[in-house]
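The following pair of complexes shares a single chain, chain A, combined with chain B in the former and chain C in the latter.
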Partner chain A sequence: MLDFFARNRVATLCAVTILAFLLIGAVAPGYLSLSTASVVMSNSLVLMSVALGTMLVILTRNIDVSSGSVLGLSAVVLGMMLNDGHSLGLAIAACLLTGAVAGLINGLLVTMLNVPSIIATLGTLGLFRGVMLILTGGNWIEELPLSLKALADNGAVGFSVLTVIVIASLIVVGLFVRQTRFGRYFYAVGDNREAARHLGIPVKLVQIAAFVAAGVLAAIAGMIFAAQIGFIPNQAGNGLELKAIAANVLGGVSLLGGSGTVPGIFVGVIFLTSIDSALVFLKIPAFWNDFIAGAVLLLVLLLDGRVRMAVDRAIRAKRYAVHHHTNPDQPTASSPETMSKPRTQEAGE
Partner chain B sequence: MKRYLLRWETALLAMLVAEFAIFGMINPRFLNLSNLLYSTSDFAQIGIVALPLTIVIIAGGIDVSFASAVGLCAIVFGIANFFGMPLPVSILASLAAGAAAGLFNATVIHVSRIQPLVVTLGSLYLFGGAATVLSGVVGASGYEGIGNFPDAFTAFAYFELGGLPAPFLVLLVEAAILFVVLHYSRFGRSVFMCGLSEHAARYSGLPIKTIQTITYVMTGVFAAIAGLVLSSYFGSARVDLGTATLLPAITAAVLGGASIYGGQGSIIGTLLATLVIGYLQQGLQMSGVPSQISSALSGALLVVAVALRHGSAVLADFVAARIMAMNRKRAAS
Partner chain C sequence: MEQNTTPRIAVRVADIWKSYGGTPVLKGINIELLAGQVHALLGGNGAGKSTLMKTIAGLVDADQGSVEINEQTLGTASPSAAQSLGLYLVPQEAHILPNQSVLENICLGLKAKPRALRAEAEALLRDLAVSLDLDAQAATLEIADRQIVEIMRGLIRKASVLILDEPTSALTPHEANALFDRVRQLKAQGVGIFFISHKLREIREICSVISVLRDGAIVLSGPLSDYDDNQIVEAMTKTVQSAQPVKRTENNIDFRTRDVVLEIDRFSGEGFRDISFNVRAGEIVGLAGVVGAGRSELAETLFGLRPARSGNLNLLGTPLTKRSPRDCVDAGLVYLPEDRQQNGLFLEASLAWNMSGYTMHRLGFFPKRKDETSAFDTFRQSLGIKCEGEGQQAGRLSGGNQQKVLLSKCLAADPRVLILDEPTRGVDVAARNDIYRLIRELAAKGLGVVLISSDFDEIEQLADRVVVMAHGLQCGALERDAVTVDAIAHLAFESGSPAHA
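Take a look at the complex of A and B:
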């Protein structure tokens, strides 16, 4: 049982989240309701989309800190197209294209020029934000047409078109990285780039694809942002890249690449977002928000790291005990386990 | 001679000179000496945090939490001052808060053995949140500042010695100290060793944890100094004082030649890179370029500069490989 939780960060986080929900529900009656769930869900959409894209990049052992600016830039493109009288479909297409191009720039910098990804995306973080400000001339984009805002309206069943889009992209990405050959390449490239190259995997193409996908998902987040807020301020998406990375870490995505799952992202994002709504219900002033988010993040990491180390030790002890008794069947039975462990051992060094 | 010409620092110096030349041509007032000196007050804090950050990066770590540590230490100072502590005590409290923040980072990194980027990302939120909560304690709720400092303190940022404004002076003194510490001391050599290969460092008996802890504590202390300088400059301690230094400071360290993988970097490089970044912003502003374009340009500068550096390394490898192949062919024939 303990073994299961220690191995499975998603399960741990799920349990912690549910426990937290129950505790808050006990203190503040009325918190546990469908309307809260719907609010948390719609508040988490932007972060969810960005974090999903960031996960794809982190899987390939890169990092993307430019997603906040990509969000802003593509939202501005969307807003300007709409206010120029173009149709909604065309504007959304342009918005997604902007995200894809931004991701392509990141990808080319990282793969072709060999710039470390954190540096490259740090540079483009400033670059894209600047391009966005040049486009808007420093003004906010307001008076977005109703057709866009209507996307954020809750339908008859309590969730909006945007929710459907995000859930759909979660499912698509989840199936893609689990079920398709190219999707599995993401893990291979992140786990061991050289080995992946020697196996004939198009390492550079995979990395570029990850960055482009992250760009498109950030653009989707930009669209959600514009639809939900109804205007686009200059600082749209500021600091979101760090929150997305935090959600990834919470959701069990290893920054060393090669491990991470979509359900993890979902739980991580929901957890981070539900802190906000819980504070409102507990009548705690909003300025505690960052403190609690940071403390929880560090606490989860600390516990997770320690527990993982303990489990590694236990598994190793068990393995040696098996060898000691020289049972011919046991070592082969335990070998899949040993195969899956080197990563955590490396992280534990 | 060649040894010095081919250094990255020389390229940075050339960049700085080119900046001066271009902006001087556009707006001659830019080259006015007092303008050049006084505009440093607007970006000295970037260098103050970027220099110790360089050492952290060289030792194989990274720290992004300094951005909120700056605000936290400023708030600690403001609160100590608010409760009527004498000035030296308040300053000491602020420095101690910085050191504690650094120690906290190092401890969590060593206890959890998780990548420093993740840990300091968590403490970025934690420190920022702590600062907001603390400023709420004294009634400066939300994002208001804490003011009412003694005159001696607010006068400090406008004090000058030999024509050099105090913030810039702080930066120069700090750079001198850290230059000696990093490049001419046993500790400095072990910092490089840690970053180059942690295993090699461990097997040669270096106290890796202690060395890395010292680098983080140093970053915390200098973040506190940056917080004090900024509070003095603005006349109030605010939570978000350091937020704007996060990306420029990392940019300065990386542009200055620090390798994000550890084991490489220099104090002079980071100092020059700080000046390049700072004067780029100032120069663009004085040339009448709107601030939005200048932020795009400085992002582009980072990308281009780093791409050039890595691109030239790739090119050099390629050329070297070609030469070797040619030699081999010649030897074979």
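Take a look at the complex of A and C:
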């Protein structure tokens, strides 16, 4: 049981999330409803998309703190194209292309010019935001056409097109990293880059691919943002990159690279978003949001860390128990039971 | 095999030059490997073996010259290009992906179906006579198992050219023999193999051709049977040395009259139980056994890195109850860890910083550079460390020199008892002899030395007394003339596990 939670950050987080939902439901009846679920889901779409892209980058042992600006820039490209009278399809294509190019720039900086990813993306965080402001001249983009806003409307089954897009991205990325050879390279490159190189894995290409995918997913988030809000302010996406990283950490993605799952991202994002919605429901003033979100984040991580340490100790004790429980008074080496345990088994536990 | 048919040339290296920061490492190397040949490559630390092999494997770009694998030229440095031409390098230090399963680690990058790969990996495990849990997380593997994973990577890729860089340095003799059987099979199948090792006995066992590198050039090359061990060692070291490192000094010191410096009484902890022995001043006590016998765990527990369960430890007659590594260092007990990359050195830091690792807390709030420099100069000279200077990064030194830096770090703390865990792993013959000489000198100065080694030759040559461990238990002790390879092996294996037999 404990073992299961230790190996599975996602399970811990699920349990905490469900517990939190139940508690809030008890305090504020009416919170637990389909409409809340629908609100949480649609509120989480932007963060979900950004966090998913960030995960791909973190898997390869890099970090991307530019995604908030990529979101803003590509949203602006989308909005300007639409307001210039281009078709929705063309505008979305341009928006995604912007994200891809931004990601490519990040990727090239990191792999070809060997700039550490935190520095490269800190630079482009400012750079992309700057390009966005130059494009708009510092003005907000308003009066977006209805065709875009319609994407955010709930359809017959209670899902908007945007929800479908994000769920589809989750599934595609999830299958890609787990089921395809190239997807597994993402884990390998982050786990031990030198080993990956030795195995003939195209280490640079994988890192660039991760950054490009993150850029495209941030652009999708930009599109969702524009469709949901209906206008694009200057600060669109500001600070989202850090929230995305927090969701990754919550969801069990190791910042050291090489481990993390898409379901983890899903739960992590839902958890963070539901805190916001719960506070609204509990009528706690909005200025408490950041404080409470931060405190809960730390709490979950601490709890998780403690459980993990306890289980590590238990595993170690089990692994070495063979020397202490079997044949207690036989110091010379002749007991077959103790002796026949090959060391590899001990190590593998 | 070479008389009747003309065998295919598996690797041809022509006039390879390479220098790092103006220092030439390879100076016009020409070497050929035929299919179905096991070609031994020897050389001291820093002779250029690793650079040469990395060049062939596409990991390093040569400044000049060409590499042909299976008669196709390897263009720019690219490990995947080399692999697609049929070459795989099994490096000396295993490259493990700690978060992935063992199976993933072995098969990553292969195109076959997962189920087929698993079957192949299982067959390979049987061939090599090792047991490994393919689904275990690789982070849990011990150093020897990591090396097995690395070897399996090479074998499962069905490479037509294999480079094995000291493949046996972490293997038990049984595992090494199984590997040699496999190498012979591969050879019969026409695989060409470069075999790097410092153990002449191994080389005699499976190699037919030898090349010796020294200072970036090939100084001896030809059929192995043309040379005796002394000629080979001479070629490696330039100076004439005996191939057999100096035998254990046949001193007649009666250690029983000396002070006991370290006394371990019924000591138990994670991975070992009821270990009792003592070490007297000037005595070298070997702690022998196969990998996994619990010796490193014992050493780490003595040094306060792991919790002890029960038992007493007396250092210089006083019990050492509260143990942290710093308490131990201050009390005069110092440990040289087995894995120098992982636990021993700060690879990015300078040599001087590395050497003051154990004594940092004594240097004051503002450590004086002068103190560190003078310590560095002393050890550089007395241990014969080959380096550019105190500012050089430890990670850039060769294995033997890294080990000497590590030893300097231990000695800087001015210990009374030194626990050495595999002090010559991955170290060439010349540097090994240096280290043996140093260990003897230290003992002669009155230090108590505990020597942990899986190399029974090493124990025989150095130890005055030996304690043998198997599976966490003390299974015997030998003294003086009774310390022989056979006697140790008998204790370590006969009383050991049938799983290895």
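Please note the rule applied: the second predicted complex is superposed on the first by the 321 of 349 C-alpha atoms of A that agree within 3 Å, B and C clash if a C-alpha of one lies under 4 Å from a C-alpha of the other, contacts with A are read in each partner's own complex, and residues count from 1 in each chain.
Quick note on the criterion: contacts are C-beta pairs under 8 Å (C-beta built on N, C-alpha and C of every residue); 3 or more make two chains touch, one makes a residue touch a chain.
Since the model is a prediction, treat every value here as computed from it, not as a measurement.
J.: Examine A:G294 and indicate which partner it touches, taking first as chain B and second as chain C; both and neither are also allowed.
T.: first
J.: By the touch definition at the top of the document, which applies to A:V115: first (chain B), second (chain C), both, or neither?
T.: first
J.: Just chain B (first), just chain C (second), both, or neither: which does A:T54 touch?
T.: neither
J.: If we overlay the two complexes on their shared chain A, which of chain B and chain C does A:S160 touch? Say first, second, both or neither.
T.: Neither partner.
J.: Quick check on the output: what are the common chain A residues between the chain B footprint and the chain C footprint?
T.: 347-349
J.: Spell out the part of chain A that touches chain B in their complex, as residue ranges.
T.: Residues 63, 109, 113-116, 118-120, 122-131, 133-134, 136-138, 242, 245-246, 249, 255-256, 285, 287-295, 297-298, 301-302, 304-306, 309, 347-349 of chain A touch chain B in their complex.
J.: State the interface residues of chain B toward chain A in the complex, per the touch definition above.
T.: 64, 108, 111-115, 117-119, 121-130, 132-133, 136, 141-142, 247, 250-251, 254, 260-261, 290-300, 302-303, 306-307, 310-311, 313-314
J.: What residues of chain C sit close enough to touch chain A in their complex?
T.: Touching chain A: residues 59, 79-80, 82-84, 89, 91, 95-100, 102, 104, 108-109, 111, 130-133, 136, 140-142, 145, 153, 268, 270-274, 291-292, 294, 309, 470-475, 495-500 of chain C.
J.: Spell out the residues on chain A that touch chain C in their complex, using ranges where they run on.
T.: Listed in rising order, the residues of chain A that touch chain C are 181, 184-185, 187-188, 191-192, 194-202, 254, 258-259, 316, 319-320, 322-324, 331-334, 336, 338-349.
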